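So that we are looking at the same thing, I have put the structure below in structure tokens.
Chains here go by letter, A, B, C and D, matching the order in which they are written, and residues are numbered from 1 within each.
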Amino acid sequence: MTEVLQPEILISEISNLLRDDRHVAIGAASPIPGSAALLAEEERKNSDLKLKVTILHSQKFNNFTDGSRELFDASAQGRIDTFFLGGVQIDGEANINLVGTGRYPKLDKRFSGSFGSALMYFVVPKIILFREEHTPRTLVKKVDFISAPGISPPNVYRPGGPKYLITNRALFSFNKKEKNFKIEKINPEFTLDEVIKSTGFEFKTNKNLKYFSMPSQKRIDILRNLIAPKVLNFYPQFAKKLWFN
Amino acid sequence: MTEVLQPEILISEISNLLRDDRHVAIGAASPIPGSAALLAEEERKNSDLKLKVTILHSQKFNNFTDGSRELFDASAQGRIDTFFLGGVQIDGEANINLVGTGRYPKLDKRFSGSFGSALMYFVVPKIILFREEHTPRTLVKKVDFISAPGISPPNVYRPGGPKYLITNRALFSFNKKEKNFKIEKINPEFTLDEVIKSTGFEFKTNKNLKYFSMPSQKRIDILRNLIAPKVLNFYPQFAKKLWFN
Amino acid sequence: MVNFDLMTVEAIASKVEDNSLIGIPADYSGVPMSVTIEIIKRKKRNLRLYCLPLTTIQGDMLIGSGCVKEIETAAVTLGEYGQAPRFQDAIENNKIKIKDSTCPALHAQLQATEKSVPFMPLRGIIGSDLYHNRKDWSVIDNPVKTHSKDDEKIVILPAVQLDVLIFHAAKADINGNVQIGRRRELATLAHAAKKVYVTVEEIVNEDFFECELKASATLPSLYIDGISLSKNGAWPCGLTDYYTLDSEEMNKYAKAAKHQETFDAYMKNFISQSFYSNN
Amino acid sequence: MVNFDLMTVEAIASKVEDNSLIGIPADYSGVPMSVTIEIIKRKKRNLRLYCLPLTTIQGDMLIGSGCVKEIETAAVTLGEYGQAPRFQDAIENNKIKIKDSTCPALHAQLQATEKSVPFMPLRGIIGSDLYHNRKDWSVIDNPVKTHSKDDEKIVILPAVQLDVLIFHAAKADINGNVQIGRRRELATLAHAAKKVYVTVEEIVNEDFFECELKASATLPSLYIDGISLSKNGAWPCGLTDYYTLDSEEMNKYAKAAKHQETFDAYMKNFISQSFYSNN
């Protein structure tokens, strides 16, 4: 069997999380979620539940015609089922920080900024937090800056919010009521203890803890033959490094 | 000299009122103002101060691409210098009624409705009220229903408002501070006394009262040869009756 | 072969439920006359019309046929063909309820839903009797202090979501995207509607998203729940680049609609004919 | 012959006044790089950038060149080419002021000006540190009572009007209308700007309004104060249907911009070359 690359396992795992969606949108600089969404779309092409994928940075896979505000409007209307957000830091209550570390505004290390997170996190039903690096530096007890909060009081409109967090070591689900993460799956290259030690916040463990699953050969073939050339169009750096080097 | 038709005199008079404008917009069912605007545009074609005319009901003379809200947005932005409004009734304080006569909501006689008047009257600097019929039935002491008020208190945003009222008998200017109309020009077929009797509200008279001016032969030629065929496109009933019967 | 579910005009009409709030496009935005006739045939009742921002023969016919309970609009008129007689009769005799509005307010209430905010502010309106007759509108002190006008009063309009929107357009592509051209108010209407059905003059064997110009003129399929082919579907209203309004028929309607009896006879005849073809 | 005043790129740059609030298009909306270089050459100072909703190399270059006093944005990033180094340095060393925002807020503040309302409501935001650092934002009780949420809190954003907007586009027609395609955020920016200047790849001998498809993709001349021909005017950023982003140059810039000295050398070289032609 072909050697499966680590990012391909993540792509496959994320793709599984999109099972019941009708429309997934992909924002800036998200090559792994973008690949996962296109994979899910391809696999469901001939099923009854088709998946629509909007990749904002692509000319071809962008289903919008009302300018760059349409993603936010459509999301607020409830027309986007899943969206991905990252974070310089993510904490145990699912607060995310895309702005930087240190004391705002004079930060020690400035990152790009909050993008659309301060609306998307509130209105999209299934937000998947995605951050490859799984260390106490990225998964922290308390973020230095809240770009968007994980939970909101009842007098704030919030049909959406965090459902999953996926890193290169584990997949977590988020419980809104208990305000904490629970580990669901683990990368077989790591032990639960290693994951606990590399996570800056406490999370619930799981008696039924599963491993990241290996994508089937068929899925790998679809990914490499059909999806990779598409990704090359709008995430050229990523695709070249992974598939066309 | 050619016989000049009554509507042509009105078109010519209205056209004179557009002298310093850069952009005039024409709303629904306004063939005389529309003809006047196109006439002014044509006459200033080779001057430094060009006139842009947007006729909403025309495909060709509609300069907008953002849907039917763009007229209101552009007007609120201050980009439209002159707009025309009519009225089932107009009163001496320049309140206009486009809704009907009698006690609202169960009216004796219902008319079409207020259209965009309740915003346009507030934001367009030069609103020209146009109503051909000049009788105590149309120019009343107090309108039965205010579609849009002639004046507003200081805590209401109001860069725009009524500047002129023109009928088939007279042209009036409106004084915002004194809250009244003053007669400026009169149709030579009527006496001032006849106009006073046919007006339901009191207005200021004018020592320098002028007559409606006869359009020059050149202007009539432009109107009939160049403007009439354009008007035929979007006000076919009007143009046929006046020019192509 | 198309990659979406092609419906019949009749099927679209049957999706309209009694009491629903229906988006009504203006005379220049693609009036869905073929569906309107089917709605009338099906004796739909208590419809609430939300016009963006006005209606002509479509609204007048629906009112005259007894389908309408309430109308929110900036105007009902036959334009150059005069007042809308069945509408006038219904108002003067208290047969339907009217929420008199003004064009930009009708836009703003839908834009609020488009952005999923509960309200939109709008200038103007204050001091009009429109305002005094709208319990759903209010005035607040401008919460943003500016130097010039510390005490500005401003109108607050509630968000309005439509149950269903139906309009007629030029073309659909094989993936169910619809060409709306400059009629972008149709996009606002669609964004603010729970269900959207469209009739088109033709279905073309291409994907509008493959061409940037065509994409610019497109309402994406993600907002559309069903499409039906309906040649001349806007008649006697016009459709940009296809046909102009039918003056003769509008005059005929304007005359017939003056009285309920002659209107009824006109409608009986209209319904019995097949003006619209599905192919 | 064209029916509008054709400007040079230099003339556009000289229209930008120190201290002005400038609209900055995102990397996908037509980045006006040729004008940006001229702005840098002219040593414009204390510019305030309003990004819709982010900026890449354009903002980073302007910041690194000392032209910028303040930036309001949802992100500054070189995308696949990493963080924006001159921006990072400026923030970490307190050289410029930042108003951190989020994409939909940047849109809504311009849409308020587009409608000439003093503010826009927006959901989300509450509970974020964005909110806690924005004195110009406030929270009010939703003035429209709905059944489900009687006590909803909602954010109020002030209207923002730009002093000047500059962007690069594909084509202008002989009457000064500009093709923007699906990049309708450029229309919002233009509607909210006092002055609008555009550079284009080509000027074509037609009127876009004569074709409904082309009209749909057009920003009308009534919003545009000046146009300049500028081949490759967005380079090294891309332009839809014309050229893609230049990966090699972006990598080169990302590396050079890591330190002020290497950035200065890069800019000196960039300015000395003639990458853009006016014909």
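We take it that a residue touches a chain if its C-beta (ideal position, glycine included) is under 8 Å from a C-beta of that chain, and two chains touch if they have at least 3 such contacts.
Quick caveat: nothing in here was measured; it's all calculated off a predicted structure.
Engineer: Any idea whether B-D or A-D has more C-beta pairs in contact?
Structural biologist: Here the pair linked by more C-beta pairs in contact is A-D.
Engineer: Which chain's mean C-alpha position is the greatest distance from subunit D's?
Structural biologist: Following the centroid criterion, the farthest chain would be B.
Engineer: Please tell me the distance, in whole Å, between the geometric centres of subunit A and subunit B computed from their C-alpha atoms.
Structural biologist: Result: the chain centres lie 58 Å from each other.
Engineer: Give, as an integer number of Å, the spacing between the C-alpha centres of subunit D and subunit C.
Structural biologist: Chain centres of subunit C and subunit D, defined by C-alpha means, are spaced 36 Å apart.
Engineer: Express in whole angstrom the distance between the two chain centres, defined as the mean CA positions of subunit B and subunit D.
Structural biologist: The answer is 40 Å.
Engineer: From the C-alpha centre of subunit A to that of subunit D, how far is it in Å?
Structural biologist: 28
Engineer: Residue numbers in subunit B touching 2 or more other chains?
Structural biologist: Each of 59, 62, 64-66, 72-73, 76, 123, 157 in subunit B touches at least two other chains.
Engineer: Where in subunit C do residues touch at least two different other chains?
Structural biologist: If we look for residues of subunit C contacting two or more partner chains, we find 104, 115-117, 122-123, 152, 154, 182, 187, 212, 215-216, 240.
Engineer: Touching pairs of chains, which are they?
Structural biologist: Chain pairs that touch: A-C, A-D, B-C, B-D, C-D.
Engineer: Where on subunit C does subunit B make contact in their complex?
Structural biologist: 26, 28-29, 52-54, 73-77, 79-81, 83-84, 87-88, 91-92, 94, 97-98, 100-105, 107, 111, 122-130, 133, 149, 151-154, 182-188, 240, 247
Engineer: Within the complex, which stretch of subunit D touches subunit C?
Structural biologist: 104, 108, 115-123, 138, 140, 142-144, 146, 152, 154, 156, 158-159, 181-182, 212-217, 240-241
Engineer: In their complex, what parts of subunit C are in touch with subunit A?
Structural biologist: Interface residues on the subunit C side: 113-117, 187, 191, 209-210, 212, 215-216, 218-223.
Engineer: What part of subunit B is in contact with subunit C in the complex they form?
Structural biologist: Its residues touching subunit C are 28-29, 56-57, 59, 62, 64-69, 72-73, 76, 98-100, 104-123, 145-149, 152-153, 155-157, 235-238.
Engineer: Quick check on the complex: what are the subunit B residues that touch subunit D?
Structural biologist: For this pair, the touching residues of subunit B are 23, 52, 59-60, 62-66, 72-74, 76-79, 123, 157.
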